[in-house]
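There are two complexes below, and they share chain A, which is joined by chain B in the first and by chain C in the second.
Coming up: the complex of A and B.
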């Protein structure tokens, strides 16, 4: 992985600097604005989830480390944290997106957006660390989802 | 970038909240405070001035759902000048069917009851 990484406390106050890091990486990779924004949103939602559900708030030494790698094809952002195991791909997604707003369950939207907005999403748990790996192709892939 | 919010209550029963900057999990509570204030003033419509909101995470979506639940489903929410990227997030979860999206502030539509 790229040695240009950032480690921040797992708190909501860190979200803004994580987003700045992602937008700089997206700019270096030449992602178009809309796709850079989607990646930023996805990373932000995963980081938010780490703070909310991963035990970040109860664990004073909890941190999130963000790194990136740029290859010819892809920009990869890796979020690594030392909170308890949490696999976003196993969460109940906000499936009922046609229900009226006032009847919506409040949870699940963040993870839904994260998974929807990147080209590939991978979760791994190893050495007491969660690793969320978000990949965007540098060129818009031909079959644009949606 | 931080979030700036401003609430104005009009005698006609409108609550207008202007949002600027970035809305995420760290500052959604500021927005929530203003929604709660608007709800306690029994306003009939909520207008969100969105044109200077550069970023909105799902925390913002939750606040929209909170608004409907707090103020009642009959209170219309207008969103004015929403940026395309933010609008894409709203549409990704189907919220555009529960709010009224306007490109510009249309007084004839917003202020007529």
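Coming up: the complex of A and C.
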């Protein structure tokens, strides 16, 4: 059921094509627009992290492979890369989001946003590859009462 | 991403168009540098921003700090619901002065000038 995938160099230049891939998958899965955007944001943040921490520049053959799977319940996006092992779930998250902006550290926001915006997030390392697995349920949750 | 700067009634307006990600954020940051030196009030027109990641938040954080240090006004206008969600989830939104339209943003600065 893994219809297609895309493999791109692990660089910031690849971010927009990764987002396009995600939005196409989200559209195929019938994800509501806001949820599609949230998934797109989460994937972008994780891919950015792979480039930043995986050492795209030190490792010229570093790549990111993006694939997706649509089941009755879920859309799953898998980002696989051959950079150094890096587990986003072990990263220090965006500390205190209630702190004044003057005192905010600059890091940790991206992973915080990634983990917050998907329904489930899983990290695995196997066969010299990082796998970041992001899942969104296809069914839109019932609208909040106004 | 494209950036246009213009002066509207002696107020600097920077309009950003397209996606702000880790690739494009440095250009966004660079476009704002002249205003760091100028001590002018600044309106950031975000109405045509289609995507913004944490890379964009970091630029906003930097321009926010600059504005509060220089005691200049910084106003964001035209934030999409998605951008507002991102800024609210990270505790950014409440710190910024925001308006729906560019006209409202400019009027707000003039009013309290």
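We take it that the second predicted complex is superposed on the first by the 138 of 146 C-alpha atoms of A that agree within 3 Å, B and C clash if a C-alpha of one lies under 4 Å from a C-alpha of the other, contacts with A are read in each partner's own complex, and residues count from 1 in each chain.
In this section, a residue touches a chain if its C-beta (ideal position, glycine included) is under 8 Å from a C-beta of that chain, and two chains touch if they have at least 3 such contacts.
As the structure is a prediction and not an experimental result, all values here were calculated from the model.
K.L.:
Following superposition onto chain A, is the placement of chain B relative to chain C best described as a clash or a fit?
P.N.:
Clash - chain B and chain C, as placed by superposing on chain A, overlap.
K.L.:
If you stack the two complexes on chain A, which partner ends up touching A:51: first (chain B), second (chain C), both, or neither?
P.N.:
After superposition on chain A, A:51 lies in contact with both partners, chain B and chain C.
K.L.:
Touching A:63 in the superposition: chain B (first), chain C (second), both, neither?
P.N.:
neither
K.L.:
Contacts for A:137 in the overlay, against chain B (first) and chain C (second): which applies, first, second, both or neither?
P.N.:
In the superposed model, A:137 contacts neither chain B nor chain C.
K.L.:
With both complexes overlaid on chain A, does A:13 touch chain B (first), chain C (second), both or neither?
P.N.:
Both partners.
K.L.:
Once the shared chain is lined up, is A:123 touching chain B (first), chain C (second), both, or neither of them?
P.N.:
The answer is neither, since A:123 touches no partner chain.
K.L.:
When the two structures are overlaid on chain A, which partner does A:34 contact: first (chain B), second (chain C), both, or neither?
P.N.:
So A:34 meets both chain B and chain C here.
K.L.:
Between chain B and chain C, which residues of chain A are contacted by each of them?
P.N.:
In the superposed arrangement, which is not itself an observed complex, chain A uses residues 12-13, 15-16, 19, 34, 37-38, 40-41, 44-45, 48, 51-52, 94, 97-98, 100-102, 104, 106, 109-110, 112-113, 116-117 for both chain B and chain C.
K.L.:
Across the complex, what residues on chain B touch chain A?
P.N.:
1-2, 22, 24-26, 55, 57-59, 61-62, 64-66, 68-69, 73, 84-85, 88-89, 92-95, 97-99
K.L.:
In the complex of these two chains, what residues of chain A are touching chain B?
P.N.:
Those in contact with chain B are residues 12-13, 15-16, 19, 33-34, 37-38, 40-41, 44-45, 48, 51-52, 94, 97-98, 100-102, 104, 106, 109-110, 112-113, 116-117.
K.L.:
Spell out the part of chain C that touches chain A in their complex, as residue ranges.
P.N.:
Chain C residues touching chain A: 19, 21-23, 51, 53-55, 57-58, 61, 64-65, 68, 81-82, 85-86, 89-92, 95.
K.L.:
In the complex formed with chain C, which residues of chain A make contact?
P.N.:
It comes out as residues 12-13, 15-16, 19, 34, 37-38, 40-41, 44-45, 48, 51-52, 94, 97-102, 104, 106, 109-110, 112-113, 116-117.
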